[in-house]
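Note that subunit A is present in both complexes that follow, paired respectively with subunit B and with subunit C.
Up next is the complex of A and B:
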């Protein structure tokens, strides 16, 4: 503990001898724990439990019936499809971008780093509207696309594009600090020993970043499945065709199908929970390796 | 060689995913048409689409799939303008179809005269939804400005339904004061002092009234009011039909530009015509819309509609005049509604 040593000697001397200067009193500790537990229970756990309670209010039969409705099934399929396309794309983009930023020196690097954060700082509605501006019938591209029979807006490609845009920073943001911290020494060693670029990446860089990468992928996936705003703008809300799960939840809720709405919401929450559980399990299983790669 | 193999595998994998998934939802064997509609028509068109598909199959031997999209009327019009390739639009307001016609040229400007009854196969009106047993004894518009009454209605600036509410109230103000518009303004101003919250859309207002339990009276479309009774149980609310209201005409139109590009004109035209058929009118009445030809609908369905004196939008000079005058920036509504007063 580095900061322990920097404590002023006067402060250490003035504390009572019963406990050391770096530990809180019993009361303070208990209060802090109680406050954070209460907060988590009230603001995170309770709503989650309520979603599941509401979904199962009329029994599992109705819950399952709601999930096997054909429009809902199609929304589940679409959500999984969108995640299956946008997560791999963002893994590739994310690794490339963080590699460029962490391992190379070039002009405009700071600008690129800022740009990567853009999807985080821009409201999702704006992100959606960007694609409407790009691909709508009045845009520059629109008429050309239309005459070639290519559908992007109000179709699956538009939804995928919007999701890729929104989820882009997740992988890159995880990897950039990690790669910067690790520096370029390992790669330089590999290259000097005659490894090719791909070999260096495959055998040296990738193993070093895999935990950060995994975390980024999980976050990226959770958001790709859960994105509402941007997707809502570009979807067109065609039932059974362009509604993702979050959109389906809203539609069902507005149509007084409360149980069905909460059933889909519960499934969506469940997918997110599975993601988190997988992450925790992996962290638990490989905690030693993770610690090693962080220290690296 | 490792480099080559790797990138090739990656390409192959991506290709495989895109082929496997990309075809989903697009591979329609027979004809598919898209009906872009507004919020409360979901149940209506679910029934109607099934009936039309069956009819088309029987007559022509072809399978037709009808996809629908529902949302706020103005938002839906915007999507069609931006390129959502609707074959037919069935919206809440004439002005929304006018906007599509004007912005895209995909609908001719004279669309309204192409189908019977100003292209409105069914109509609706504005009624009051009150709590079960009508505890505050609300009977007509004058009760809404009593001290103990709170009224829920969405914002006429953003909601099509709310504009009908506003004009219906105005119609009462006029009728009660021998056509004096100044006194009608007084009445409507007073009425909006009894509105605690303005939601942006009709469904939002319904949720405020029904779920959050705010207010004593909800001004609602007749079809929405009956639908919420059906969905939420008749033991929680009652419908009160006032002495006078407005005839709301949700219009339908063929999007010529899109059907010609897709080659679906014949089936899309038949779809709209079918709305006017005996069967189509029956389905509309079943879903609480007042059919254009009530005589062909089930008399039991028609009985549910209370006779009410109805004014029309023409009494306000048509939408082209009423929209900017009452709801435009700095219009009548902007002047009379000051939040918090």
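Up next is the complex of A and C:
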């Protein structure tokens, strides 16, 4: 007992490092880090690298040739067009829905919130089939549409509709918690100072949610470009007309044009990577502002 | 500008928050709405602002019926408990907001807006901070920006919802004094909501005490403190004691004893006796006084608080005595209220 008490304080401290209650032992930490790294490397990094490796296997010449094929080019154009239509639509819808849910009390609010999640919970193939059921020639709307010369299924409108459906939760999901947290005091302040509804929206609400909105748009865009299942059902796979990039990848792959398939896939992956990099850059650049807009 | 609230009723999903309430606010006065939470004081403030609309009743701004006007048309200044500053704008832009968004016909020129905003920042003692963002300010500074922003539109009436509620005690006291000064300088008709009676009594020209959607009493701080007109106000404002008593031919009885207080002209029957802990005199021996056993004695700053059990019913009261006086626990103490009020049940 006696010599224990005389141990120098520093020695006693160093033999037993001070740890906070939530910190695990060295071994546990290493294991956790290793498992996560291994998992990421195996399931995310390796396939990504492989896609690029396969695409460039026969050199950049063949890679570029595959991308400038006319069918492929048209699929790229279609994908961009679909994204360019569906993302703005979902921005408008997302803001409207999250505004309604976060700032008003009304009957059926919980129901609306659940409905917004529906595209996330339903398999994309089912979503595609919904549109086939709605617009095919045997459906309720089909004959009427046909008689008026409106083509939705197996054409661009169908692809846009399916994409809008699939991607509509992204913006709303991002904004609802943010708007709920921010409450209505800022809007009330603006109104009390004489601002009209639109002025309040442009000068107060929109700046308050801009970062959340940007994330929503980026994620929405990534999914709009990458959607396969629902689009596959409604597109009809008409070459050079209704094939989006993901569908083009599948067709090329099934035809054993591996280099071409991987070239388009690489381009798709690149779009996703750019999205992620942009998001990270913005987060890094504006971290203080983002923190401030969440805190306040 | 005068503001008159007439027979206002407000229901939230069929539950009344305010019931047939009327109030006259005089031009240029600083008036406090004081009450516990749920008393409807914030609702009343928001009704005056136009942020809520009444279920029934009318609100007049001057001679004009403002009930059907929108919040924008009423031209009020509203200050929120949690400031509600626009976080993406600088302090200067926040203060200038109300002027900047005016339609071009009524909007002052840019330089003029800037000058007015800077003047207001000077008034609220924040000169030099105009380029900061709200997140870079302390709570007290933010609330001063909020006040400057509300005053920038030259409001008919300035409405403050628990303006110091989110601040710590020291800052609160400072801002209280400072708000009084600003009010005396600018003369805006000002209504503020608070649940802090010290704030209301120290700051306001008149205090409106509210409870359960009704106005209990309106009066100067002195009237409210010295002449509460209901048991609620007596109990809510300051410290008070309440004893169940009887009146018999003008004399007040506690159980079977006369307590040496008379109530001339009061009808016989039971009543409640209210008195403040400091409105008492200690007496020796007892023929006609309140006497009891000391349960607890605590020194609180400049006085000694003594808790006493009185009579067979062991009703507890607290009185204040000079701190030098030695009070032993379980000893007997006799006193008589010097000021009191009877409320009939």
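Simple rule for what comes next: the second predicted complex is superposed on the first by the 277 of 296 C-alpha atoms of A that agree within 3 Å, B and C clash if a C-alpha of one lies under 4 Å from a C-alpha of the other, contacts with A are read in each partner's own complex, and residues count from 1 in each chain.
Basically, a residue touches a chain if its C-beta (ideal position, glycine included) is under 8 Å from a C-beta of that chain, and two chains touch if they have at least 3 such contacts.
Fair warning: this is a prediction, and the values are worked out from it, not measured in the lab.
Student: With everything superposed onto subunit A, say whether subunit B and subunit C fit together or clash.
Tutor: Overlaying the two structures gives subunit B and subunit C room side by side.
Student: Would you check which partner chain A:186 touches, where first means subunit B only, second means subunit C only, and both and neither mean what they say?
Tutor: It touches subunit C, and subunit B stays clear.
Student: Does subunit C touch more residues of subunit A than subunit B does, or is it the other way round?
Tutor: Counting residues of subunit A touched by each partner, the higher count goes to B.
Student: Quick check on the superposed pair: does A:256 touch subunit B, subunit C, both, or neither? Answer first, second, both or neither.
Tutor: first
Student: Figure out whether A:104 sits in contact with subunit B (first) or subunit C (second), or with both, or with neither.
Tutor: Once the two structures are laid over each other on A, A:104 reaches no partner at all.
Student: When the two structures are overlaid on chain A, which partner does A:239 contact: first (subunit B), second (subunit C), both, or neither?
Tutor: Only subunit B; A:239 stays clear of subunit C.
Student: By the touch definition at the top of the document, which applies to A:199: first (subunit B), second (subunit C), both, or neither?
Tutor: Touch status of A:199: both partners.
Student: In the superposed arrangement, which partner chain does A:207 touch: subunit B (first), subunit C (second), both, or neither?
Tutor: Touch partner of A:207: subunit C, not subunit B.
Student: If we overlay the two complexes on their shared chain A, which of subunit B and subunit C does A:284 touch? Say first, second, both or neither.
Tutor: neither
Student: What is the minimum C-alpha distance, in Å, between subunit B and subunit C after the two complexes are superposed on chain A?
Tutor: In this superposition, no C-alpha atom of subunit B lies closer than 9 Å to one of subunit C.
Student: Overlap of the subunit B and subunit C footprints on subunit A, residue-wise?
Tutor: On subunit A, the residues that contact subunit B in one structure and subunit C in the other are 196, 199.
Student: Write out the stretch or stretches of subunit A touching subunit C in their complex.
Tutor: So the residues of subunit A touching subunit C come out as 185-186, 188-196, 199, 203-204, 207-208, 289, 292-293, 295-296.
Student: In their shared complex, at which residues does subunit A touch subunit B?
Tutor: Going through subunit A, the ones touching subunit B are 74, 77-78, 81, 84-85, 88, 132, 135-138, 142, 146, 151, 153-154, 156, 196-199, 202, 236-242, 251, 254-256.
Student: Can you tell me which positions in subunit C touch subunit A when the two form their complex?
Tutor: Contacts found on subunit C: 49, 51, 71-72, 75-78, 80, 82, 84-88, 97-98, 101-102, 133-135, 146, 149-150, 152-153.
Student: Would you tell me which residues of subunit B are touching subunit A in their complex?
Tutor: Answer in residue numbers: 2-3, 6, 14, 17-18, 21-22, 24-26, 34, 39, 42, 67-71, 79, 81-85, 104, 203, 227-228, 231-232, 261.
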